[in-house]
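One chain, chain A, appears in both complexes that follow, with chain B as partner in the first and chain C in the second.
On to the complex of A and B.
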């Protein structure tokens, strides 16, 4: 075996094809896009080099700044929700339901397999008003309230989007964290119990610290996927009302493809990449500091 | 160790080279300026007569297929028709890509601003001037002058065939109007007081497709045209006036008030076109602002519960003391359907001639579509609502465009996306207009 991997030709043969595909499909477009952010125009009108003008434009562009805020707010709220609910579910699986958790685990995980667009249409109908009023407003009417058009307001749309995201993804994080909790040796928990740690104190001082690594990975997963949210907000309300729930991804898409400015679109994409990087590094940094302490 | 470092450098160099090469490749796309757009068979015939139409407008593809099977059979056997479709929302993206790859279909739907003389297709000579072409073919007379002037004023040149000729106005339910003792309002104030009465009687005054937003921005535009005259939006484009001027802001204010008074019905922001049509055609709403393309729904007995005789069409009323007049109907000639000079060969020219001569009667006969082509074969058994629209069209002396007609793509999107904020009171009329004004200025 050692001889096989010591042979450079073998390495090249085994690694080559994958590496070529990776470079062509991943690195080239990434670098291309990076280069494009210094240009303006599109494939039809041609590209003009404009240096850092796109970056200057981004800073002074109210729509871009608004999208940036939407992305961050959505990512932070969705991540907090996903992790807290996921962790609570995981605790429920491990400490309350124990062996019988398989069915609940599957049921809660199930929405994850549904396409986001289908989920968005489902939620649109849940909260709809007017001629085809949805069940949410029926319930509000039942308790004597007036129908609310959730999708006509920013907060309403954001709320529905968050509820939708949490409903469809908390099962995934629950399973992810559940596997982490299973790794905690029973003996430690037993001895903690003997020492008098119970309920919240057990979780706070024993379970939480021991499941920290998987918790941090979940936070990073969650932040990176919610920062790049696109389909759910697009399908739910088209980034509306107005552009008030349009995240960076949607703004990037519209700039590049609807308004035909590939250069500025690439700049927005780069900002998004940097944002993901910044969030990830912050989480890592805080975790390593904790590890040192 | 040395080896590894060496390899890493080589990899980095490779990536750098690849990106430089690809960048160079895409910047060379700039020199893609084609031949001058013009008449006669200047281009080379392709193998097929490919036509790219919008998913949302299946009637056009159907009618072209009918022509291929009937009146244009000879042209079709020389150059077979192939139809392709694209979602309206993806048109700009798809056409930009196809044009840059030199792979445009023979005839294609395009974004409004793309085919203007200063648009991406227009300035690269990628759109055929139909006026020159049709004159050379001797069939320019088959285009109705009103349709030609509408195409010219929207696109700045004759680069689209008027497969539709639509007028827009307020469709109303005659039975509800009779029941409440109302007649066609001639001023905006009357319209508002009628709307109040209709609402009190338990009907929705205006069925409104708020999800698509344009039916609402149209109202802003119409109020502007009525109060400031037919050139009001041209003045914005030329910089002679600003949307933040009091009279323009007033229009947005009026529409906001209409929404506030509940005249658009509950939940209109998320109501889509099908739901709005349904509200009107089942008699739950008394009025609906829409174009004459609604005829296909009205003439469809399964959709039209209130009966074709019960449907009336009136122009947007006048604004008292305004510079515009009630008989200036908003008109459009459908989405841009352009051809490229590169594939305009003799066989394509034959197709174009056949379409110009026969499309008008074919579309009217089959689906009651009022187009901008002359009716060369008499058509029998036209539905009553279609006849009514035809009569209105023939009486029109002057037309106006619509609110966003002259705006760039970005400002159009802004006008339509912000209107839901305006109508729900989350944005003031002043802010709505000032955001739009700065977008128009920024994208000039």
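On to the complex of A and C.
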């Protein structure tokens, strides 16, 4: 049997194409990009080796540091929001709506499949001011407030970006965590109920500890996707006002493809990769330490 | 929801205290009463989720004067499709859709074809180094796309395919391949090996048993993974923006982005129509396949 499933020709036929594509279009480019981060220039102007100058430049580059901060702030706030809202929704589905949650679950999930660009354009107009004022400012006016030009300020833009991210992804995280909650055996919940645990106490002492593993994977997934935030901030306000809400991804894109500095662009991409790695490892570490204690 | 649960407790103790005198009717009333906060909560939730979509949809029928003179929450006076006509003819929406389809379908098909075969080779076949290779591919999921864009751009430029949709297809394929392979390997792991071993006993070689048993067996898994990859390609902006060297190559997302610059604050109708088309098309897909999509996206993120 082992001989049959160890047939080299079969393995080569099935795995070969994937391996070739993967090596040529992924591994080689990744190494190439690593190498490029020590150069400056582009294909037209030619490349010059400059050693670690790009990394030194990054640390002293206010635009780079700003985009790094934008990425981190956005990722942390969006992750906290996604997990908290998603978990509350999941609890609502499992313990309050129970069997009747299918429609709500599906409806709240739907925005997740909408293109971020479309959602960003929607929110842009939803919070707009001026001749074609959007509903949000109408509501503010109704309660006696003055119209707010959200997209004119950094905080306003970040707020709208976070709101739209949560709007479109909370249903997804809810379903993710909901499947985790369903895996908790009914007997455990029942026996805890018999022991007198109810409502918030049941959630805090029984449900929350049991859903730690899935919460952890969700946090890692959420951080990794929000650290790479690109389309929402670009489509919402073009990274503005000015460049005050342009994340690392957008700065990398502009450096490489608008200003034609492939080397520095690669350096920024490397920083982004390391950032994702660092965040993932930090979450892992802190969780395993908790498990040990 | 602490308020809800405390109400629940209160009502529960009340009913327990007087349960003997209570009729079933009043008990039902109590149950309805304690469900009220839940219904309010669900109603608010649904309004928050659904109203923005409804608002865009209504806006797509409005004329420019309606946008500027009537309140934003008012319904359109009549259902005029001229904004859609405008978006399709002047806004290049039709070309954008064609490009998106021409890019997404080959990318997803390639990913699936390569990924299923590789998943079988990595999980069912037995050879040295298969674990290491699976880890290497898993590592590929973690690397952000930005890491490969610049080198790929250089290569595509050198071999002269930047004027076509090929760069996008190739890039999407390689970006989605690690996750597809990994998920397919996981699905093959859940199939009892005996199935394939029995086939060999019957004289079916491993390659033949892949095509005759493995591939058909994975039909459900393929649909799930294909949906996940479909949405990630269809909704992507980064790769599309990088390799759109000419407006005629723009996908829907790039088209939407430029539509915003083009019309900006001047023409709301076509912009709303273009956004609405996206919502309508995806909603139709979603109504038919929501179970698969939800399960697939959840599985894709957790295993990745």
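Please note the rule applied: the second predicted complex is superposed on the first by the 288 of 293 C-alpha atoms of A that agree within 3 Å, B and C clash if a C-alpha of one lies under 4 Å from a C-alpha of the other, contacts with A are read in each partner's own complex, and residues count from 1 in each chain.
In the analysis below, a contact is a pair of C-beta atoms (placed from the backbone, for glycine too) under 8 Å apart; a residue touches a chain by one contact, two chains touch by 3 or more.
Note that the structure is predicted; figures quoted are calculated from it, not measured.
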Contacts of A:131 with chain B and chain C, given as first, second, both or neither: both
Partner chain in contact with A:39 - chain B first, chain C second, else both or neither: first
Which of chain B and chain C A:258 touches, first, second, both or neither: first
First, second, both or neither for A:214, with chain B first and chain C second: second
First (chain B), second (chain C), both or neither touched by A:244: first
Partner chain(s) touched by A:154 [first = chain B, second = chain C, both, neither]: first
Chain B versus chain C as contact partner of A:10, first or second or both or neither: second
Touching partner for A:233 - first (chain B), second (chain C), both, neither: neither
Most chain A residues touched (candidates chain B, chain C): C
Partner chain in contact with A:277 - chain B first, chain C second, else both or neither: second
On chain A, the residue positions that both chain B and chain C contact, one per complex: 28, 32, 36, 43, 124, 130-133, 257
Chain B-touching residues of chain A, taken from the complex the two chains share: 23, 27-28, 31-32, 34-36, 39, 41-48, 124, 128-133, 147, 149, 151-154, 237-244, 254, 257-260
Chain A-touching residues of chain B, taken from the complex the two chains share: 14-16, 18-20, 22-23, 26-27, 29-32, 89-90, 92-93, 96-97, 99-101, 120-121, 123-124, 265-271, 275, 278-279, 284, 409-410, 413-414, 417-418, 420-421, 424, 426-427
Footprint of chain A on chain C - complex, ascending: 1-2, 4-6, 8-9, 38, 41-42, 45-46, 48-53, 55-56, 59, 67-68, 71-73, 114-115, 117-118, 120-122, 124-127, 133, 137, 140, 142-155, 157-158, 170-171, 173-174, 177-178, 181, 196-197, 200, 205-207, 210, 231, 234-238, 241-242, 252-253, 256-257, 260, 265, 268, 271-272, 275, 278-279, 282-283, 285-286, 290, 293-294, 297-298, 301-302, 304
Footprint of chain C on chain A - complex, ascending: 1-2, 4-11, 13-15, 17-19, 21-22, 25-26, 28-30, 32-33, 36, 43, 88-89, 91-92, 96-97, 104-118, 121-126, 130-135, 138, 167, 171-172, 175-176, 179, 198-200, 214, 217-218, 221, 224, 228, 230-231, 234-235, 249, 252-253, 256-257, 262, 265-266, 268-270, 272-273, 276-277, 280
